[in-house]
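Going by the order they are written in, the chains are A, B and C; count residues from 1 in each one.
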Amino acid sequence: MHRLGGSVVSSPDASSTSATKGETVADTVRVVEHYADILVLRHSSDGAARVASNFSKAPVINAGDGSHEHPSQTLCDLYTLYREKKSINNLTVYISGDLKNGRTVHSLVYGLALFGAHILFGPAQGLELPQHVQLRLSEEFPGGQVGIPATHGHAQAADLPIDVVYQTPSGAHQLALLPGVSGQIDIRQQLDQIDVFYMTRFQRERSPAGSQTTYPVVDRAFLNKPKFKGTSVLHPLPRVDELGYDLDSDPRGAYFRQAAYGVPVRMALLAGLLGIEKVLDAEPPAAKYRVYSQSLGIRCGNDRCITNSDSERRHLKCQFELLGRRQMTLRCVYCDHEVVPAVVGNKKTKAYDFLSTALGQPKNLESVVFFKDENEARAAGFERGHVAMGATQRSSTAGRV
Amino acid sequence: MHRLGGSVVSSPDASSTSATKGETVADTVRVVEHYADILVLRHSSDGAARVASNFSKAPVINAGDGSHEHPSQTLCDLYTLYREKKSINNLTVYISGDLKNGRTVHSLVYGLALFGAHILFGPAQGLELPQHVQLRLSEEFPGGQVGIPATHGHAQAADLPIDVVYQTPSGAHQLALLPGVSGQIDIRQQLDQIDVFYMTRFQRERSPAGSQTTYPVVDRAFLNKPKFKGTSVLHPLPRVDELGYDLDSDPRGAYFRQAAYGVPVRMALLAGLLGIEKVLDAEPPAAKYRVYSQSLGIRCGNDRCITNSDSERRHLKCQFELLGRRQMTLRCVYCDHEVVPAVVGNKKTKAYDFLSTALGQPKNLESVVFFKDENEARAAGFERGHVAMGATQRSSTAGRV
Amino acid sequence: MHRLGGSVVSSPDASSTSATKGETVADTVRVVEHYADILVLRHSSDGAARVASNFSKAPVINAGDGSHEHPSQTLCDLYTLYREKKSINNLTVYISGDLKNGRTVHSLVYGLALFGAHILFGPAQGLELPQHVQLRLSEEFPGGQVGIPATHGHAQAADLPIDVVYQTPSGAHQLALLPGVSGQIDIRQQLDQIDVFYMTRFQRERSPAGSQTTYPVVDRAFLNKPKFKGTSVLHPLPRVDELGYDLDSDPRGAYFRQAAYGVPVRMALLAGLLGIEKVLDAEPPAAKYRVYSQSLGIRCGNDRCITNSDSERRHLKCQFELLGRRQMTLRCVYCDHEVVPAVVGNKKTKAYDFLSTALGQPKNLESVVFFKDENEARAAGFERGHVAMGATQRSSTAGRV
């Protein structure tokens, strides 16, 4: 912003803000939008940037929200790939480390898929890519193939809608593997060529204390084989020990160049949002799913979601996208976590019934209430009875707008 | 300041400043005045801004000092009233909530009185307007009427100099009521029309821990009656729960517009102080009272006063305005709290005597020392004896410059 | 920087930076150098600025590193002396207070010596100037005389290479005395005239808790004698109680003027480093000593040295200047502390031997490893044997480049 000639009012320490007085993100945003032409928010809760964006008249940039996403970092990452490799299409990108909590990864994978890269996952044990990210990747970025070895215990392949994603004919842009890594990266035998390593830092502050995860390390020894001669190593920084200092002076270590590209990329983003340069699409992409929102019933199950924070839950209704799956699935619009309600109720008759795939999708989302289970429905004053969904049978495109 | 084209050096976190190394406000100001053309100070001690102003060559803006005052917020509040209601004169403003610790109220009441508004107080139980603010309002802003119901225990009406303020003939600009609110606002029956609600946040961080005050809430239900159809609701923000979120989308909720007006109002204030725009009077108002200051004797009784802070008391002498009341009363020039000395001494003879109304006001404030009580006088080496005040009998204007 | 028309990105609170995520100074610098044209670093570890400078492409200003140095403050101090006294040459500057931890002093003494001032030391008991600073002052700034009273226990005069420094004929520019001050400044009897007092604040946060040092105080009473009529009192600020508030209104109190000079002096420094104004030498002074650096063997003995910090020791090799003394002495290039190895080894033969003055200086610093003692050598896999230093006998200029 300074390089663009603008000024910045920043509040790096949350404890100096009104948030410590119990102020909600929604309120903060409606005050500071008058002081600034653009807002950049970094927040500890998943989905905080979406809340800010919903309430702000000024554009909001998500500079990292909890362990959810970090899209502006992804712009830097993609631009770095483009500068280092001339093209992202058909690059094979192996993502190693903490894929569970690392928010940069949760944005990067979609970006890579959009540009036609192949993705390989090398998570530390217990730090695998969250299932909802895997699912979204396979459902909404269908230009690729996802391979999940059955040996990898946590990857409940049976839960995946692989009939839709696996068999997309448009090309093999994505190859998602979840190799059996227990602190050791044994991906070396599986691949002839890896173009780019994207190491992520172990998110110490977001993992349970005392967790004993052995963490994969990338250093010169790891990159010793001839096939890694032209491999680039990226890292969102800061690093601790997962990235060898011996790569600092190695031309393959691209992470400080990557940090440098952060300046022009963020200048472009700011200039685009402020209307100085025409670098962004005029319109955001159209909504893919119908949105369900009721003040009672099921809530997002992610503890770190902004809708579950002490301050925001005072005023913020949950909102979910109704995914077009055989099993009724709701995706939180704030944090992207998924919940599967077991019970549906009718707001007028106060009757509830168990959801079954035979019921199909509800026609009118205003009249129904989804519940996690029978107890939640009863606690809300509903009684067992007939609930008409008022809809045709579910089809594979149901749920789409 | 940014919108005016200037730059800002800010220090939002006091723990990053030299204050943590024991530096006084007076010293900090004498360093930073060389780095800036204007100083804006927010501080946890009552009266800190006055100390800064006394020592700084650059203009100082008080951005809130302890629970004392917050005058720049009052400028925003008054401007909001003007924009919402076209005029402040004859508006009836009901101030509800924490009137004891809420520094915005302690500045607002004087501003409202100056512009001819009627003020109604609806404090939460135990959070009534401080007595010294009530007294100043009635003594120095005499264009109104103050009604104190005898049923309200804490309002010791007998202590008030109501002969001066109550009976001013110039007009009914102020109507200060202190209704019996115990967590419930029953002001509704007392008034036909309230033009503006000014809700204040419960100052959690400034109230004794574990205090169980029930706090009045303003929301749509509260404003349900037809007479509140055109009522505006203001709030200095941040809010917690005392202001219903259902007012956010209600046109009567003016608090986010109020926050927005903060930008042009503060631009005007800065421009005026920097001499860019002629928006301020060239001269501050003349002093109303004689000032008393001795390095020994009575001190300000307000624990949160800057003169009682660990750092400032090393170098800062207490200073008091000598109020023209029947009973000798000293008002701290820093925090506005009042003290009533029981004993007066003569600096030369080291004699002290009890103050009595018969003594009148001292002619020469340099030669006398006031003490809280006999013990304080004795501890300072004074002995009981005759003290000549050297003045005529007290009159109602005594103490005025 | 603002006055020069530039912008500033600041990070006043270390807990808001990536340092709390375990990032090294070297990494931080290699990220932020892309965001700024110049870096200003204040850090809690001795030598942090040197690390930053080694890794940054942008110029680095040391704004205080641990208790090591504070050179930009020295520029302000020297400029203040120049403005107050018209010349620094032949000024007698008495430095009083905490000379051990006060980093401003560790830079000031060299500056004073360069400009030909006489320096007198009045440390509080136990807070004497570190020995390595005394030694450097006498060895590298030879244009003066250093007088160390033998009565002062800690000043181990026998350790000093006084044959070189004491007897330099070029002039009496420095007169370093270490009077026997036990919380009392008895320097008054020793001198006819003191031109400038440079008081330093007791570095409470850097001294052992519970230390009972009585601290010298400078106030009007202290400056009561006629010979102090024209004495200037300087202080780097913030002060606590070691400097009387009664000097604030005394023309001899120059410390707020000194603070004010900080603005133009730092403007000049920034302008010079950015190439806007030609105020700096194009080239830094040539290296005086050979540099020794091995990844095994002796380490810097200063606990607060950046090479001993948890984060930096992961990647940072110790580096030492080989001082030209009779006894082999290594000076840490980061924090300037000195270590004296007892043992030397040969990297190839893995033999070690005790150092003796007869061995002389090693010819090839690549082939030798210095160890603190025999245990350290053995722990590193070395065995007692013959080590050829491959050098001529030590001369007084050995070690010089």
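Just so it is clear, a residue touches a chain if its C-beta (ideal position, glycine included) is under 8 Å from a C-beta of that chain, and two chains touch if they have at least 3 such contacts.
Being a predicted model, the structure only gives us computed values, none of them experimental.
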| task | Based on the touch definition given at the start, go ahead and assign the chain network to line, ring, star, complete or other. | result | complete
| Expressed in ° and rounded to a multiple of 5, what is the rotation angle of the C-alpha superposition of chain B on chain C? | 120
| task | Over half of interface residue numbers shared between chain A and chain B means same, under half means different, so which is it? | result | different
| field | Centre distance in Å when chain A and chain B are each reduced to the mean of their C-alpha atoms | value | 50
| query | Where does chain B touch two or more other chains at once, residue-wise? | reply | 7, 13
| chain B partner contacts - residues on chain C that touch it in the complex | 2, 7-8, 12-13, 201, 204-205, 237-241, 245, 256, 259-260, 262-263
| If you look only at chain C, which of its residues touch chain A in the complex? | 7, 9, 11, 13, 15-16, 18, 21-23, 27-28, 30-31, 34-35, 314-315
